[in-house]
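You will see two complexes here that share subunit A, one where it goes with subunit B and one where it goes with subunit C.
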Partner chain A sequence: MSVHFITANRLLQLLHLLRQRGELHAPLRGADDVVRFAPLAAGILPDLDALRTLLPPKKYLLPPRETILTYRDDTNYQEPQVTTIPLILFGLHPCDLAGIGYLDRIFLGEDPDPVYASRRAALTLIGTSCSPDQFCSCHLQPSSLSASHDLFLQKTDDGFAVSSGSPGGDELLGTLAELIEERELAADDTRRYFGNQRKLPPQSELDPSLPDWQELAEHCLGCGACSICCPTCYCFDVLEFGGLDGRSAERLRHWDNCLFKSHAQVAGGASFQKDRAQRFRYRYRHKYRGFGQLKGIPSCVGCGRCREVCPAGLDLRPLAERLERGAS
Partner chain B sequence: MKRLRLAIAGLTACSGCQLSLLNCEAELPQLIEVVDFHYFPMACSPALLEGEYDAALVEGCLSMPHENVLLLSLRKRSRLLIAIGTCAAWGGVAALKNGESRKELLQAIHVCDRISSSGYSPQPLHAFVKVDAVISGCPPEKEELLRLLAGLLRGALPAPIAYPVCTDCRMRENLCLLTEQSRLCLGVLTLGGCGARCPSMGVGCEGCRGPVPEANLEEALDICQQKGYDRQTVIDRLRRFCPEWKS
Partner chain C sequence: MNASHPTAATITGVRSLSADTTLFTLTCNDRAAAGKVASFLPGQFLELSLPGIGEIPVSYCGLPSAEGMIELCIRHVGHVTSPLHRAAPGEAVGVRGPFGHGFPLDSYENQDLLLIAGGLGMAPLRSLLLALLKQRRRWGELTLLYGAREMGALLFLDELRQLALRGDITVQLAVDHRTHCLEGPPNCRVALLPALLDQLTIRAERTCAALCGPPVVYPYLVTGLKRIGLSDERIHLSLERHMKCGLGRCGHCAVGTLLCCCDGPVFSHARLRGVEGALA
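Then we have the complex of A and B:
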């Protein structure tokens, strides 16, 4: 089949052209060996072999901590002015693209989040292909989420087959004409693990008496790493802090975790999920069955981050393989 | 807004928590406008307890009888009593040797065994009085202290923190010192809110903010053991700031 192709030795030129259009961020391996999405300076190649960054790209759309409202007694509550500059994320793997797609459904749905929406509008997503390792499970769990992108670069031995996935991507592709050649590729090895429509069987409620919940709870340290590093965990807590002048205040949201004691706690100290075993069932439900408006749509994109970062080596996957059998 | 009438006292401690408040230099002019630091011997003289207080902020643990008298007086006079810092909250460094004989400790320090002391094993505030809120840390973060005062101005207590240092650390996209570098880091057992100050500089968490709610000590000890740190080493280190850790 015929594809648009960019040879590997033109990667720096490609990055140079992309940088003309905004701030370019890509996976980079730090001196501490941690791979992070970070600004990509001119002449530097991104780490396209790394399978996952420590934090997923959600950090660009939903920062760990941010001000969502400011108050002054003369102006009342005001949404912050978010100044967004065009941001190009290069080297996103399909799981992370699917993760952004999931967040879009949450934050751009019926009641769009204005701060998220303005950040998202400034984002260009350029994906690259990868091969799963022992932590990945995108290839084991067909997902109805799609790895939506503007451009996608399918790696081959000597370069990338480039395809567009959006009108913005078509336009961008046009500006890259000088780098692109047409090439015949033998097979269509696009290996997309997302977008396989999946009809979920009617699901019974998750059995609260399963011993697995208690077993997971016994080992869980409550460190929060699983959700911090999850591309589709978006739970946040909202706190309001008054100013010392007595006339102003700031309302913050920051990432939360459903395994924390405070997550389902309400005024007076009562909690909807008193113990960790209950909280694990809740977490499982979100990751493998979906809830709320997205009930029936599992949110796990199989990136493997939670498995890799859990200090106790906890993994919901074996349980999912048992409970979701026949679901695909 | 009504000015907040405060008493700020230091018991057995290093005064570092009170100093943290005084180090908020940029905010001090604004603070003076809204807070009446009526009793704050470290910063203002003369300092005499008088009348009632909206809140008492107390640094340090109790180890001498006169401290009990002061603490009870502060409690009686104040609508709210807030423990400031790890010593007030948990006992802290002063309580490091609480498991050992006072007599032997006195002898080791004073050499001569004729010196008597009316002191006793250092205890946190909650061993004697009702504590309405805790700001942990050695010392607490400046921001926590300022937010506490801004909240008190409105009659609000700070929202308790329920997550460990690891949460702050992973949010900063740090390498995990314990699991990925096999270095002793107590972050997973320690109350967060410090922004993972030490691990972000490559220094393992020392546990200075005391235990996180629902700390999973057994699992953490197992992981530390796999990384080459035996139970006692880890427990001893935890107890430097909080004697309540049980082995």
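Then we have the complex of A and C:
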């Protein structure tokens, strides 16, 4: 199989060329030993061996807190001017690409979200391949998520086989011609995992009397870390703050968390998810069965972050494997 | 203008209905936007913004209007609805909608209709009732059962008295407990709402029920309706959740894997059967 190929010793040159097109961000290990997507300075190599960043790249599309509307009494509600500079994310693993693909379905479907759309349009996505560790489940689970990318770099022993996944990627590939050589690769050397591309058949409702729920709920600390680090958790709360002048206001959306008691509360203090086991089932349904129009489409991309960060070592996967077995 | 962007409206009418509940009339400032946000099906909802305070989902309470007039019945209990208590005509608000699915009017053709409202549930059912009365000849017999805590909490009593004079609709009222200082309207019993079902004579095979009330009452009403012969498909109910975006994105209104904002808020009971947490 003939492929476009960039040898490993040209990686810095590649990053230099990418930097001409916008701000370049990639996984970097900080002094605190945390791997995060961060701006990549010239001459620095990204940490392509780290399997997962603490926060997924959703932070670029859905910042933890952002203004979605501004109000002035003379102009009424207006969308904020989001200044987006071209941003190139380098070193995204297939699970994170699939996560962005899922967020696109939520926010760019019918009635696209204008703030999300402008942030998304400024992104160039460059994926790299990886090999799953004990926390990953991308290679195990049925998923109908497809990864969206502009370029994908598949690691081999001495470099990267490069492929394009979008018209933007084709164009970008053209500008990298000086770095690219043609090479023959064994066709089965894929080393990339996107999960199986399947939609689940309708399932019966979850059985609240399963002892697993109570067991999970008893051990869960309710910290919500699993949701914060999930590439496809997008639940948000909407807040509005009036200006001190009494004539202006700002409407914000910020990350919400289905494991928090406040998530399903309504005026007067009543809640539809009173106990933690209920909230666990809520999370399970969202991750493995999908809500509304995306019903039947699991949103877990198998990145393993929730399993790695949970302070109580909780893991929904074994339960999912048991409950969804009939469907896979 | 996208669906998350409120259009400007002005409060043009304020009518107190009870100690804690007000009927507001809003008028859209922009006629073009009015055509969209004031055209709805009974049971659908809109998102009402009070600038500087926040946004809440509210059911439409009146009839669709080409002039952009919107009636909303609001109980002052939350962080947005409480400041609304002081709102006066002329105050600026924002509206966007309509959202969700309303009551299935087309499937009601030639059917007897049983409307059951509990407390503030009268708000969306008033919208349905007005729509039904506007085309009275399309439907069979009309019955309204309406219950509230006490006499003073019964909403729209003046309108209900007028209705009773029409002769083409049966209205039965109930209060949980009697208050000595208020004279009860005709047809008002001291009883819980589900108890009214027992004295009904209905033709179950051609009756559809439309319900809106506090979550606690639904299991009893559904059980009562099934006891008098209604099938799950003929029972429609409106669920209360906090729909924060209305667009199926914020994740706050899921009922099982259904989203109240997009799949509901009006569901047939057949669709909710076995769904955890759908009925209290």
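In this section, the second predicted complex is superposed on the first by the 319 of 328 C-alpha atoms of A that agree within 3 Å, B and C clash if a C-alpha of one lies under 4 Å from a C-alpha of the other, contacts with A are read in each partner's own complex, and residues count from 1 in each chain.
Everything that follows uses one rule, which is that contacts are C-beta pairs under 8 Å (C-beta built on N, C-alpha and C of every residue); 3 or more make two chains touch, one makes a residue touch a chain.
Computed from a prediction, not measured in an experiment: that's the story for all the values here.
Visitor: Between subunit B (first) and subunit C (second), which does A:Gly243 come into contact with in this model arrangement: first, second, both, or neither?
Guide: both
Visitor: Figure out whether A:Pro298 sits in contact with subunit B (first) or subunit C (second), or with both, or with neither.
Guide: Touch partners of A:Pro298: none, neither subunit B nor subunit C.
Visitor: Just checking: does A:Pro56 make contact with subunit B only, subunit C only, both, or neither of them? Give me first, second, both or neither.
Guide: Touch partners of A:Pro56: none, neither subunit B nor subunit C.
Visitor: Once the shared chain is lined up, is A:Arg276 touching subunit B (first), subunit C (second), both, or neither of them?
Guide: Only subunit B; A:Arg276 stays clear of subunit C.
Visitor: Does subunit B (first) or subunit C (second) touch A:Ala225, or do both, or does neither?
Guide: In the superposed model, A:Ala225 contacts subunit B only, not subunit C.
Visitor: Answer with first, second, both or neither: which of subunit B and subunit C does A:Phe107 touch in the superposed model?
Guide: second
Visitor: Count the residues of subunit A touched by subunit B and by subunit C, then name the partner with the higher count.
Guide: The partner with more contacted residues on subunit A is C.
Visitor: For A:Ile68, decide between first (touching subunit B), second (touching subunit C), both and neither.
Guide: second
Visitor: Quick check on the superposed pair: does A:Asp33 touch subunit B, subunit C, both, or neither? Answer first, second, both or neither.
Guide: Only subunit B is touched by A:Asp33; subunit C is not.
Visitor: Considering only touches as defined above, state whether A:Trp255 meets subunit B (first), subunit C (second), both or neither.
Guide: It touches subunit B, and subunit C stays clear.
Visitor: Identify the residues of subunit A that lie in both the subunit B contact region and the subunit C contact region.
Guide: On subunit A, the overlap between the subunit B and subunit C contacts is residues 239, 241-243, 246, 265.
Visitor: If we count contacts the way the header does, which residues on subunit B are in touch with subunit A in the complex?
Guide: 1, 27, 30-31, 34, 146-147, 149-151, 153-154, 156, 159-160, 162-164, 166-167, 170-171, 173-176, 178-179, 187-188, 212-216, 219-220, 223
Visitor: What does subunit A use to touch subunit B in their complex?
Guide: 32-34, 36, 54-55, 59, 64-65, 218-225, 228-229, 239, 241-247, 255, 257, 260-262, 265, 276, 309, 311-312
Visitor: For a test of understanding, state which residues of subunit C touch subunit A in their complex under the given definition.
Guide: Interface residues on subunit C, with respect to subunit A: 2-8, 49, 51-56, 77-79, 81, 92, 94, 215, 240-242, 244-245, 247-252, 254-259, 262-263, 274-277.
Visitor: Show me the residue ranges of subunit A that touch subunit C in the complex, using the header's touch definition.
Guide: Contact set of subunit A toward subunit C: 68-69, 71, 73, 76-77, 79, 106-107, 111-114, 204-206, 208, 234-243, 246, 248-249, 251, 253, 256, 258, 263-268, 270, 272-273, 278, 281-282, 285-286, 289-293, 295.
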